[in-house]
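A short worksheet on the structure shown next.
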Amino acid sequence: MIVRHIPSWFRLLFVWHGSVLPRIWPRLLMVLAVGLVAAGLRHWWLQSLRDSSLSIPTFTLLGVSLAIFLGFRNSVSYDRFWEARKLWGALLIASRSLTRQMLAALGDNDDSSRFIDGVCAFAYALKAQLRGQDAEAQLRRLLPAEALEKVLAGSFRPALILVWLGREAQRLQRAGQLSELQWHALDRNLNTLSEILGGCERIASTPMPFTYRVLLNRTITIYCLLLPAGLVTSIGWLTPPIAVFIAYTYFALEQIAEELEEPFGTEGNDLPLATLCHTIEASLREMQGLPLQPPPPRQGIYLH
Amino acid sequence: MIVRHIPSWFRLLFVWHGSVLPRIWPRLLMVLAVGLVAAGLRHWWLQSLRDSSLSIPTFTLLGVSLAIFLGFRNSVSYDRFWEARKLWGALLIASRSLTRQMLAALGDNDDSSRFIDGVCAFAYALKAQLRGQDAEAQLRRLLPAEALEKVLAGSFRPALILVWLGREAQRLQRAGQLSELQWHALDRNLNTLSEILGGCERIASTPMPFTYRVLLNRTITIYCLLLPAGLVTSIGWLTPPIAVFIAYTYFALEQIAEELEEPFGTEGNDLPLATLCHTIEASLREMQGLPLQPPPPRQGIYLH
Amino acid sequence: MIVRHIPSWFRLLFVWHGSVLPRIWPRLLMVLAVGLVAAGLRHWWLQSLRDSSLSIPTFTLLGVSLAIFLGFRNSVSYDRFWEARKLWGALLIASRSLTRQMLAALGDNDDSSRFIDGVCAFAYALKAQLRGQDAEAQLRRLLPAEALEKVLAGSFRPALILVWLGREAQRLQRAGQLSELQWHALDRNLNTLSEILGGCERIASTPMPFTYRVLLNRTITIYCLLLPAGLVTSIGWLTPPIAVFIAYTYFALEQIAEELEEPFGTEGNDLPLATLCHTIEASLREMQGLPLQPPPPRQGIYLH
Amino acid sequence: MIVRHIPSWFRLLFVWHGSVLPRIWPRLLMVLAVGLVAAGLRHWWLQSLRDSSLSIPTFTLLGVSLAIFLGFRNSVSYDRFWEARKLWGALLIASRSLTRQMLAALGDNDDSSRFIDGVCAFAYALKAQLRGQDAEAQLRRLLPAEALEKVLAGSFRPALILVWLGREAQRLQRAGQLSELQWHALDRNLNTLSEILGGCERIASTPMPFTYRVLLNRTITIYCLLLPAGLVTSIGWLTPPIAVFIAYTYFALEQIAEELEEPFGTEGNDLPLATLCHTIEASLREMQGLPLQPPPPRQGIYLH
Amino acid sequence: MIVRHIPSWFRLLFVWHGSVLPRIWPRLLMVLAVGLVAAGLRHWWLQSLRDSSLSIPTFTLLGVSLAIFLGFRNSVSYDRFWEARKLWGALLIASRSLTRQMLAALGDNDDSSRFIDGVCAFAYALKAQLRGQDAEAQLRRLLPAEALEKVLAGSFRPALILVWLGREAQRLQRAGQLSELQWHALDRNLNTLSEILGGCERIASTPMPFTYRVLLNRTITIYCLLLPAGLVTSIGWLTPPIAVFIAYTYFALEQIAEELEEPFGTEGNDLPLATLCHTIEASLREMQGLPLQPPPPRQGIYLH
């Protein structure tokens, strides 16, 4: 045989849970039904309404503007996903830089580990805010009592943690443990945390303009439901499967765009924020020479 | 039944106010009228002018350059919208960073809250300048008397608030309340506010070149009005609905692009500047441990 | 009546001066002439050269590569325009930041207003260099004698103004009027002015590669002149208007791209540098509490 | 003869190992087989199933959404590749800047060469982490004993090297060998190393969303296997070669996208990390005036 | 007459040296030959192989994936060209900033002019490294003896010049001629030079992945050679000129992409590095009040 192992392109053909089929099969079924009706009635239709039947060129014409829409929608959604990922990558980077600076300045003492735990708490609080969850357990574990109270009372918790980190850095500088420039270097990385927080909030609070979604959904749905009427004059009984195949590409692309658009959820394609928080904590602990903790259960299918 | 709840893709089909239909239905009606005329006259036309009738391939040909236009126009408009959103996100970020730095340096005293109120005032003044509104009420509430007078007398109010914030930071530094480096860190964030101001002014004062709008509007309108003449030879009495459907995709996309292009207005798709200002003030108040205020009434349909 | 006021999409159909028609009508007239000849000779042509006639699919085929070209050319030209606009926006931002820093450090004294006038002079000198004009009048008004002489003698005048601003900042620091860090903060904004200068020079001195222009112009011209021969077999006497319409979209898009590509000129679509310079000066004067001056006459049609 | 030397475009036609043919020929063979069957059975098929046969316009219709997919997939993959390359370019840049700063501050002494060796070690450790290799040999060669132990014990080795570099810079500053500002300048470049590390980890740990791969693979495979059925009604016995040619363009583009997507591997199109590490070490050694070492064996086919 | 002067679009039709025709005419001639053969043999072919002949829709189908390729290739190549131009623009900017800082700090003395000459030398050395040339003459002119020896002995010469500039800045700071912060401001611009060097090296050392070139060249060549077979059934004796015209657009676009991809060469479309170096030196000399030198001979056709 040519192929000894099943190649990946072949296996991917039969994937169910990793694809968007579970979410779009009802619509595909509708297209199939319309396709079957169209194929069954086509002789009657063509005879009674000779010169008033759709054909493939009509759909090619429409395809142009649909292509613009879908391509645009898709790029915007992916860019949101990727920007969100970059922000969480930047969070890991800034957390490590703060840790490095603290360890270099203070060494492994109580003050530095308090501060670094606060940086960890920021990550958990950000995750909780983005997902509408409650990070109280993690915050209790990581924040000292005096900060905890204020943070838990607030509604913009990550911002309050930043306030506390700012005060803490200032306190250490006044106590002579940080030089002016060391404080300045820390402060710049706190600014970066602030930028990450604001960036995530922006993505979470500003979806794609609603009119785009209405327009795209409407156009694609009508297009796919009309499609069998256009195909049937050319390809007869092949209409149902081919129409479903074409509709699949459109519905699937729209569905993926819809899922990626909100990258902070808990579905398959969303960012694995729990894992990312764990990675941050693990990395900061390792930098302090502390033992690592077991990772959280995997979320979704695609990411580590 | 397959679908127990009405799925979102189905509901979106019948949305009226969230879509652009309220703004484009007159044009769609015109296309419908032309389509009905074309369908009624088609036998007479085809007999008398045998070889001089339009057909679908002619429109496919044109569709290519239209696709370039629309796609380009759309990307540019969305980029303007998203850049405007990023600038307001950056305003929240910089305001929080300034607040954090002030609170860390001075604690909760009169000077810090004066300064932080000034940062809030900057946001309100920027909103007012971009919308051609008057922010006097907010400025009176947030600015001290000595700054208020100068700011209200000027025409570039946010810039004047920045001047005052700069002088204030300098005063605090001279009074020994801020160290040189703390002043420097504040000054960098004031630079950021200046960048945000300039960026918003740029978007507000430089629309897309007028010739683009003329060209795109002209091409799409002529295209859609000619379309029935091209479709009627192929699809007869189906011409009116199909022509309206195709025209809908073009007109709607152009309309959305037109609305997103100016993101600082007060229509449905524009940025909810009032809400954003309120979020900034609420976040800065929370960071200072002050009670929150009720949010303003919602603007538009799509944003929080 | 459905429409009480004339809607904007209708008015835009008949715009002449804001569109590119005044620059492309000779070429459109040529296409019209070819279209009329083709329509008149089509019977003779089809009989004598049966199987050697062009048709629409041939042009659809070509349309693909033309679409790539035009879309690419257009994006590049617009990006140049928008980058130029961003640079001038950044100039306003940096000028204001320098003014804020100066006013905060020195207050309203002679030294600060000398320096701020120098920043204004930079804007006028940059405009003059980009347009090949002479800014002597403005420079005489804004620069002190000792700087004026050197600047007027040079060929890279904005760079020489920056040298003077750098020396001036240094002098003020040595005289104890600026602290080391205040000097540093100013110096960073002088770096930004240097970046703006270099960015504008880059755009002005590096047009799009010449071969692109040759290729695109050649392809579009030949395409549009051949077009009537392809359309005439399908649409007969409708060839002349339709060919002109299609040619209009191509020529117009190319023309706009050509005009936007050089954003520093004085034509309708170019950046209103005089207005931008005036805005900068007005804003800096207002920040110093000085009275404003009347704006310059409007340039072009689209911008304030 | 017109062409004296074999021109490059001609040679490229027959390249085997540099192309993706070795990875996609099984799929091309399948398309060929389907094409031969279709061509052989076409008369029987057309007679028995008159009005139910596929044709080229059906595939043109589908081609639109495929084009969106492939173009998007391809851009994303290339952007990942190019971002990875930029990060490694930034690593060279930051390493050189750190070296320049160390040499300027300390001259060629033991402390500076220890530090610079540590920067080299960072590059090797990053390469090893991205490829799942073990850099122990290189680390032993470049790191001092006290750092080596901790680094080898950890799982995020490059981050641990950064911690050590941070402590080292701090130590030198405390010992008076670096001024505060020199330490600050070094610290900023250490931040840059941290950003490079985080950026590479992000690319390595976040592949393109799995559903995209499933969707694209499925659509292209089905499309190419159906293609002969569509072509055979128009082009008969030319179906097999033409179908293979078209399938080649789709499969090859998908395959390239798949290979570029993970730029840190060891295949032909991946980044030559070994060579890049060697360049970094060679450049840093030369800056210190040390003799160069021989380059490693070439990886892959495409670089330098 | 309508047109009094020959308009530019007309002149561009007949450009030879500025276009890519000199490099692609052999391939166009091949397409012409195939076209003539196809036109001559078409009756025989159509009779003997009735249902196995290519037609235009087959090529439209293929055109889609070709369009993706070409557009992508073209954007990538132009981005490389433009990034290279930006890096050289940034070199001018950073050189001027270094000069401004030096002049402000030291005035016009020997130390400052030594340093500024070193910055000039960096530009010449970078040009020489990118082009594989030898800049010894310029380096001898601009570098002092102690630096020259080390630089000429090395293989990464611009990096060695940066080392020397770093040591020089340090020396001036230790000698009290530069304050700590002035040294810091210079050091940041030296970092920028390091980034420019690394960016240029990256572009020069990492071409587009080889497989892309293979795939694109192969697809376009086969497509254009098959094209006459597809056109001949529809357009008969018009096949040769039309096939050559279509092939011209494809070959020309590929050729331009190939030339822009390596922007540091010495061909017509490459960056005029000699002129850019001269501009840098002229600008730095003018800033120091030194007389200018004559510009070098022009390179290529398109740039100043």
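Order of writing sets the labels: A, B, C, D and E. Residues in every chain begin at 1.
Rule of thumb we're sticking to: contacts are C-beta pairs under 8 Å (C-beta built on N, C-alpha and C of every residue); 3 or more make two chains touch, one makes a residue touch a chain.
Given the structure is predicted, the values throughout are model-derived calculations rather than measurements.
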- For chain B superposed on chain D via Cα atoms, how large is the rotation, as a multiple of 5°? 145
- Message: Nearest whole angstrom, what separates the Cα centre of chain A from the Cα centre of chain B?
- Response: 23
- Report the inter-chain centroid distance for chain A and chain E in whole angstrom, where each centroid is the mean of the CA atoms. 38
- Residues of chain D that touch two or more other chains sit at 57, 60, 64, 66-67, 71, 180-181, 184
- Item | Circular arrangement of chains, read from chain A onward through chain B | A, B, C, E, D
- Query: Which of the residues in chain D end up touching chain E in this complex?
  - Reply: 2-3, 7-9, 12-13, 15, 18-20, 56-57, 59-60, 63-64, 66-67, 70-71, 74-75, 78, 81, 85-86, 89-90, 92-93, 96-97, 99-101, 103-105, 179-181, 184-185, 189, 231, 234-238, 242, 245-246, 248-250, 252-253, 256, 259-260, 268-269, 282-283, 286-287, 289, 292, 301-304
- Message: Under the definition above, what is the set of chain A residues touching chain B in their complex?
- Response: 26-27, 29, 49-55, 57-58, 60-62, 64-69, 71-72, 76, 150, 154-156, 159-160, 162-163, 166-167, 169-170, 180-181, 183-184, 187-188, 190-191, 194-195, 197-199, 201-202, 205-207, 209-215, 217-219, 221-222
